[in-house]
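Pasting a structure below so you can have a look.
So that you can tell them apart, the chains are marked A, B, C and D in the order they are listed, and the count of residues begins at 1 in each.
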């Protein structure tokens, strides 16, 4: 039977405890590698918006508590600094709706589009489909493609806001961190001190307005501890290996992801470095995961069958 | 019958005439909208490498003439500044081989990977398949996916090197500029003064070592002049609309492409600007076309069926 | 009489306690506004190098403890979130030597200059003069110009490494934070939780190799709490007002500093915003403080007599 | 007696001829090294604004001809590709007024300050003093510090707009290119094909609103051809050597300028490369010349007495 780790009530969330990944907060649960765990989460708004309340209204009502909260820290038995934590994403339970917002001062085109007003739009989710209604009467139905927006472990000695991605994971907003795939994270603290939240029902590349269809959800995962050191998060699907790196400017995120992918081909697949570099120039796939957070995130991928 | 515009012999190519898109060079041909035209081109090396000669050797032998040469300028009858030139890409004839190179001082990981030696690798092409051989004995066969690397019109008053992309087109290295698709270019000169070259048999996102499988090829196209003004190149496939913008840093290329895509949704598909912004945050696809040229290129796409 | 707050012995420094500015660590001292305080500090190496030991050797000997440590947190009585903490820098006592290092993987030209070896160079300081000896026999004597490299308060809920600058201050490496000047910092925690360290005997603009003449020193300061909210650190000298902002890419650090300076002219000197913008285009001074840390730092200045 | 090269009447300026530096336009004059030459220039607006006409009004009246025009090309006898052209700036004659403008879509804080209206402000110049009047009644008198904003030679085969800086010089907007100093430019064409214009009576670091006090002026210079190859413009004053490089993002402009300064110390002053790198980290001065043009410009300097 799957053990459940419940999110805290949203009024008990705290900024230091839930809006950072950090080595200071007491674990909320201790988990063994191999256990199947279901983790319930709040949406990136911290559970304060809904069909009857925009993000703007929630802030005006003083409801804003913990932004982009994670459920955690979860202590993974047997993990030590220098290890790699593998997190197999088994399933994501979708709720009935999610919310997208334009938040002035945030978003990839802030300052590039004049005069944007704050707004929150609720999209309904049913049978794996999302229904988006424009303000002018269009109704668009398209497939949900849920994934975990924020997932990571404690940094070595900092407490890093959950809005930021980094070598420790965090707010990568990478659609490849989805059911069926495994994410690998570099462990910096005894017990790893894992957390996740900020699930998205669907997201476009770049997450350009700063939000996706943000949902509260339940995520089923299984952990494994690997005695091996990596520098940045990696993702593996049935067909692909992928690296996920974050930096500013965006080209540095891309360069990091490309270099990490070369490193992976060299260490695990027997490639010569310069051959890997040249071959990726012919066959790599790369997407901009997000271009709105404190660091930007790029994913680099190569099909396993080409390795 | 398809009219053919032949490339010049490679020893007659000139830097001012063939390695820039410019308003100063005499047209090599005059073409009517609606004609089917086949244009032969040199590879990005200007035709000086081959199975028996690396790029390094060609330079040492003094063969380097015009880098990244285009066949052109081609005068398109009836096109005026402020118009849009639509170029339907009908077909690309593939040659038997293409060449990839590591060129020190060039490439996305220059300075990120230590001590790279120059090298040129020939990959053979047959029946739409590319065979890549690593230096250590791996042989990888994968699908060709040919497209035009450099395609554009004359800038308004500059002569811009063909290695650079920009609002006028140029070296966008965008795999979506491929057979079956149409590219739209903003006209700045009477006659448009069109040119193309630098065809790739296949390329990974980012073109990270600075080269793809670079080929000499023959491209069949058909032109149309549209009385409408656009700011940046656009691409249309059967299913998608796409914008292609170039800048540094990379995030500015992305922001331009995203804003152009919003503009297109607003002007041609009846969307409200902020709705388009929010919806693209849920459904846009974006790829890094290249991150090696004087400006970097990003493509933003949305399926037509969602509009 | 000046009260002294002593640095911890260097073997008692911790990464969480001394290499971050944070809201989690117990204050080491409580200070009243108006008191004159002398704070002793370790150099950016955490006190482990010297005339007989390079940074490289110290790391190999396992001495590396807390990088870029601050003395703190110091609790400033009466300061509340939303206040501004003014720190008047009265004096810096110089030691007899300081150390500069080239650290591979760090520095503005990492990847731009090939094959750098790690090295540490000791420069001697006497009567306000620094003596720099090149490896090839040149001896250069020039003026010391000491300032505080790292100075800040606790962030709102993160623990941010002292190697990074930000709105909370931190590792700005700004030569204008020097004796005679006052720095203003935005308070996010009750008591401000102030810390400083990483004093430099002299530094060039950009701090391009990643280190200055790094010294252990004693800094005399006096605090004042102002009931006013600012967004980023500001500095005031007898003649100039200055803003100090940090971001990547470097242009964003510059834009933030310029905007902050306009905001200051508008709020405190009665300027119209657009007039301030246009006038700074004629009269502003701006320097790159550093281009090596996790965020880059730019200073924007205007003489008071022009306001 | 000083020979005078007169600017063309402003209605005869052309975009291809005067708003690019290029190898296509016929020289307007042939000059020998060692001759003292006075060159008259138009302001960056192309001579169309004045005390009675804003830039906005001039555009509406259809007066906009050549933006940022240079007087040239001037053929320098004896200069060949690979040479360095030294231009000693002897004097700048100031006019009675100059104009600053806010031009929406242009400027360092475009998108960072909301809702800017276009405006042009005339400042009067007398006895080396500039009088700036704010819209709200302040009158500020401060020193003129005139310099040449745009100065360069023809690129190798491109025609580059005079609004852009680059290795060939161009719109560097660098206040160190001033009377008393010498600028060195890398020659790419027989005769160098020199041009200058866009003189500024005074400018702040960054030129943040996009314009300085833009003036029509007369510049007295003397040329010298040096048989030596440089990669980027350099400036020499009585006391300092300086490199002037341009790129985006801004950090790349800075890195280029820093590397060029190291190269100069190594080639001409006998420094070891890594020693130069470390010493510049202690003693270099660096300013942001401009952060508004197609590439941004950074200057790096070191006093000669420290070399």
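Please note the rule applied: contacts are C-beta pairs under 8 Å (C-beta built on N, C-alpha and C of every residue); 3 or more make two chains touch, one makes a residue touch a chain.
Predicted model only: the values in this text are computed from it and were never measured.
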Most widely separated chain from chain A, with each centre as the mean of CA atoms: D
Whole-Å gap separating chain B and chain C, where each centre is the average of the chain's CA atoms: 47
Centre-to-centre distance between chain D and chain C (centres being mean Cα positions), rounded to whole Å: 34
Residue numbers of chain C (touch at least two other chains): 112, 248-249
Overall pattern in which the protein chains touch one another (line/ring/star/complete/other): complete
Chain B-facing residues of chain D, complex: 15-16, 19-20, 22-24, 156-161, 247-249, 252
Interfacial residue positions of chain C with respect to chain D in the complex: 100, 102, 107-109, 112-113, 116-117, 119, 121, 123, 130, 132, 134-136, 138, 140, 142, 202-213, 248-251, 254-255, 258-259, 262, 270-275, 277-288, 291, 296, 298, 300, 306
Contact footprint of chain B on chain C as seen in their complex: 110-112, 114-115, 249
